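Okay, got some structures for you below.
What follows is chain A paired twice: with chain B in the first complex and chain C in the second.
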Partner chain A sequence: MLKFKPMTILKAYILSALVGAFILFVSLSVIPVLADSVTPSVTVGNAAPSVSAVDISPATITLTENGTTTITITATITDSNGCSEVFTGGTIKAQLYRSGVSGAGSCSADPNNCYRNITMTDVGGTCAGGSDTSGNASGTVQIWYIAEATDASSSFSTETWQVEVIATDSSNASSSATDSTPPELSTLLALDVTASLSYGTVAANATSATVSASTTNTGNYNTLDAQFSGVALESGANSIAAAQQKYSTTTSEAYEQLDYTLSTTPTFRELNIAKATATTTPSKQGSFWAILIPAGQAAGTYNGTTTITAY
Partner chain B sequence: MMRKLLSAFLLLFFTVPLVTNAFGISPPGLSIDRLVKGSEYEATVFLVRQDSKSDLGVEAAFDFPDKVKSWITIEPNPLVIPAGVQQFPVKVRIRVPENADFGIWSGLITFKTVPVNQKGTAGQQVVIAVGASLSLTLTVGEGVFADFKITSVNILDIKEGESPKIEVTLENTGNVPISPDRATLDLFDKFGQVRLGFGQTENLPETPAFKTKKFIVEFPIDIKLGLGEYWAEAKIYRGETVVGDTKTVFDVVEKKIKWFVWVIGAAILLVISYLARSFLRKRFRR
Partner chain C sequence: MSGFVKTSFVVVFSMLLIWTIAGWPRVWLPKKDSSGVWRLQQTRVAKIVSADTGGPNTPSTVAGVASGSCSDNMAWNTTDQTALTSNDTTYISYSAGNWDSGNVTDELRISNFGFSLVGTVTSIDGFQVDFLGWTPSGAPAASYQTVSLFTAPGSNRGDNKAAGTFPTADPGSTYQTFGATNDDWYPAGSWTQAEVESSNFGVALCLTANENNATVNIDQVRITITYTVQANSAPSVSAVDILPSPITLTENGTSTVTITATITDTNGCTDVATNGTTTATLYRSSLGASCSADANNCYTNIPMADAGGTCTGGGDNSFNASGTVQVWYIAQATDASSSFSSDTWQATVKAIDAASASSTATDASPPELNTLLAIDVTGTINYGTVNPDATSTTQTVTITNTGNYNSTDATFSGVNLESGANSIAVGSQRYSTTTNEFWDYLDYVLSGIDTFRELNITKATATTSPSTQSHFWAIKVPLGTAVGTYNGTTTITAQ
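This part shows the complex of A and B:
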């Protein structure tokens, strides 16, 4: 039988205790360190937003004479980091322009062909925030009556009106898109004419002083002309034929020198009133009128209508 | 003597009339060069004014060769632009008879405003009425022109269980009915990166000659779409050419049960509970 001395047994206990303590120390200190080193870690990168479904409304743009017309721009904005990155933390801007204008979406602001910095915002809370990645944006712009036409009869018949929508997120990443079915802008033929002519009191067998009326091109038609016609001036049963009135479309002269006799049939006259290029500077031209009262014409207050039709 | 003195002077007395004296038309010209015998063409032009405080009467005068005068009508007729309206749509219709000759004809429809204080009414004045002309050129030939353009493609939100669908607007610019050859739809996940499915439809509706039509195209796809956002790319083809396309996000939304379904359901439950109660009472009595 194998025998151990009491001292040897004590040493074995102490050694075992030391080994145990060492293992315990390693367990408590090293293993947690190893566990820390395998914890998953990721940095979420920023994705640029995207712009889609860009649309200009109405599908064909019709202008309002001598004023502005509202154009609506819509788009869908998507951001993988959450749509609020754009709708709340970023910006959505649009530029509306004639497609062939110099610089396209980077064109210089001009009421004829380039409308810039149109602000677009969320429509009806479609970007719910949180994990919602997309929302619909909308913005409006007022375009002036001098905006250049792109329809078949215009100088820019191969072009359209286009919009560039730019979405920028809170990290300043951006992207843009345009309308895949951009609209035409129709030609507007329109005029604004002085409301009435006043010849004053005129004796029989005499001519009136020459009075003027103003015709303004209030559309985007390049060279406005007109047709002139009138009816007899009447006072009860008495009348003065329309042909007693004469007019000129160039210079103010005495009755005898005026160029044209007013006809009851619409008659074409070349005015060549150019399209205005600035909303503060109307493009207009005068016309000059006088009347010869026939001898023996009965006294009275005579009235009638003269018609000027844009052509 | 007194009478002679009176007749020596005419009082032409005028005041500033309260009339709208600005007026226009857009577009001012239509050139229709694809008409054939029996063609029906329709276009919309707008009568335009800035001041819209009151109603404005407008007279239309037709100046065309006798041969074609009866082909052309406008609607509405007579014309009154209501207060508050700045752009008033007028439909211009051309109906070419079956026995029409080939040829090219031109003419004008002149729209003239009717002044509020016209001569002979209480206002003592001569007014200048304004108007605007619509120039029409009609060409009647015998060729067949098949042409169209897609003016919009929209991917629509759908309800749970429905197939993806798009709304297409087609303008037929030819003189025969026409439809695109096919439409396709690629379906992607909410990030637009994983392709989930593909749908194709060849049975697209026809649009009559010279007309614009809006229609819905559905794409049955063999996967069930849960609630949420998806990307889709839709394309419209003429032959192998893409003539209209869009790529955007759409939503699959919850299918809500309508209120009358709830009412009917509640009524059925009431009837069943009543019948059950009657049945149990009878049985209990026995």
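This part shows the complex of A and C:
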């Protein structure tokens, strides 16, 4: 009788299993398997960008006399194709204008009421690129002192200063939005006067020659008036009373014919200085001044201050 | 009776009994079969003969030549070489007016009868020569002087059968006949098939005038040959082979399968290769060779021809036949994974000789036909123009079973759609293998990894009616996807 060791039987089983597996592998592997491929294609269409959260700051625009004031415009730009479609591949422009100006956002550039093509850019890298769809855009514009006021006292009290932000993407699709709470532009009553009046050397109990001063409307009020006041001219312990000075806002005349005596109390005078309409052409008006030196007035150089306050 | 005699008697009686039952006489001879193994098989060695006739044939060549006693001062008018082919109004004449009593005409050598005897001729048994002519000059104007066959003009052989006189009037269709079916005119020897089939074979005719100024018209001459041929033996077919082995199909097309066999005919290989036919039927084995033509399992009437001129004619008895057939992709598989794993693909080769005798044989080691898992998919899926965060309309893709597997499934995988440096994730595409729905409701999200889907696309059963299935695809373009045309690849692999 034949006898087999258990290990021999185990080896035989393992060998049989391996042979069987090999045969199974070969029988399966002879079946050719063929694949086919399909090419999906999609054309991603352009979605026009959108503009939101348009804001103008400061909330009330206050001008700087005889100069410019920085206005900041901000907006959120969203593009479904990615914010870089606008921030990198497109443009963001703003038009700042008095809301009632002809053409509104399409107004013609004018420092009085229309500031065009204000460039806005991504501030602080808020558009991260890739699949980021939105970013914050910001731009500034320098508003001249002649910009037309829209506050309650102005001629355009029913209006505001509005901005239209236009975002254009790389496919030239665009959209725009305006500030939902546009600011007022405040009236600026401001003037600038010749810094000094030199009456020259005048003997006691004599009058000076009439000298002129220039008053320039450096704000945006259209019929600027003023209050005049002064203080005594002093030279050490000696002084000449403010009322020794006379002035006229219209005609250069001799001391005796000048219209007004300078008071220490602000005194309204109607000047009607028009608002300048071009920054290169100031709107100004002359005033005429002379002084009578009282008798017995000690010799000396007397200085004082005359204040003209726009009104 | 001694024991030896008894034993011998029993042996002889038994052999006679066996031969009587099995046919006389047969012997067992070893022969190599298609697989190269020598085996004993029966071979019939007895010659069975049968009589046949050739003709009557008429000549295409005729010439008058003065030869020996057949010499005259006149000449046969042989201008019309076809004058003797039919019973009509054109004749070969001898009529110049100087053929006088006792003169013998020049020898009229009539040849080129165009015999082509059928079968393997074992003997030429007899000739019958028929003349149709008369002597319009008077009665009896002429007598036969020479009627002799020749192997070539001027080389007369055997008997001169001349006897009697020419008719004195147009005999109509009454021929004067010389010879018989069992008279080969050559007592000293025998004719060969080649001799009588030669264009030089013919009959010589000389006539003697029985009056002065005699004339003669010969209207038609014809010869009938009686001969014996070896009886037809059916061809045999061996060494049938089908290539390739196994048969591997071509998806959505045909694959060339070659069938070869050796054809043997003891009547000569031309009996089949030239005058007969060899055809094959290729079929799934359990259907048998009588199957009806079907692209799924039965290819009939596959012509097979002598491949490479292996039948040299003459005494060559065998040749190698080869034929090809285009097997369609829908042919049923017989490999281990198939529904017909106990079958193979078999070829039955049938050789038919000129006498319509035939035999068949099959491949001793027929091949399997492999399962072909294959699909074809619409080349492109065009989702059209889709804006970011929007979904495309659902597109229909047609998937076709281009193999022979009966319930084909598939794995699906894809890659991102790309446009330059930009891309749309592969998972933005969804599909359904059953229902046309909006993107949101499509069943599956396309993955970058092969994912099995059960499709159960049946095998086509007709090449003109593909088996197809519709699938439905849509895409959602993610927010932030830049403008552009994005392309990708989706791979669908038959399973």
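Definition applied: the second predicted complex is superposed on the first by the 270 of 311 C-alpha atoms of A that agree within 3 Å, B and C clash if a C-alpha of one lies under 4 Å from a C-alpha of the other, contacts with A are read in each partner's own complex, and residues count from 1 in each chain.
Just so we're on the same page, a residue touches a chain if its C-beta (ideal position, glycine included) is under 8 Å from a C-beta of that chain, and two chains touch if they have at least 3 such contacts.
Source: prediction; values computed, not measured.
Colleague: Which partner does A:158 contact after superposing on A: first (chain B), second (chain C), both, neither?
Modeller: In the superposed model, A:158 contacts neither chain B nor chain C.
Colleague: A:42 in the overlay: touching chain B, chain C, both, or neither? Say first, second, both or neither.
Modeller: second
Colleague: May I ask you to decide whether A:265 touches chain B, chain C, both, or neither, giving the answer as first, second, both or neither?
Modeller: Neither partner.
Colleague: Which partner does A:280 contact after superposing on A: first (chain B), second (chain C), both, neither?
Modeller: Touch partners of A:280: none, neither chain B nor chain C.
Colleague: Identify the partner contact of A:80: answer first if only chain B is touched, second if only chain C is, both if each is, neither if none is.
Modeller: In the superposition, A:80 contacts both chain B and chain C.
Colleague: First (chain B), second (chain C), both or neither: which does A:204 touch?
Modeller: So A:204 only meets chain B here.
Colleague: Check the residue A:133 against both partner chains and state whether it touches chain B (first), chain C (second), both, or neither.
Modeller: both
Colleague: Per the definitions at the top, what is the overlap between the chain A residues touching chain B and those touching chain C?
Modeller: 80, 132-133
Colleague: Within their complex, state which residues of chain A touch chain C.
Modeller: Those in contact with chain C are residues 27-28, 30-47, 80-85, 130-133, 170-171.
Colleague: Would you pull the chain A residues touching chain B in the complex into a rising list?
Modeller: Listed in rising order, the residues of chain A that touch chain B are 50, 52-53, 55, 59, 62-67, 76, 78, 80, 132-134, 151-153, 180-181, 186-204, 208, 213, 216, 218-219, 221, 227, 231, 233-234, 266, 291, 293, 296-311.
Colleague: For the complex, which residues does chain C have touching chain A?
Modeller: The contact residues of chain C facing chain A are 246, 248, 251, 335-337, 370-390, 392, 397, 402-403, 414, 417, 419, 424, 429, 473, 475, 477-495.
Colleague: What residues on chain B touch chain A, complex-wise?
Modeller: Those residues of chain B that touch chain A are 6-17, 19, 21-29, 31, 46, 48-50, 86-87, 110, 112, 115, 118-120, 123-133, 150-155, 169, 190-192, 229, 244-249.
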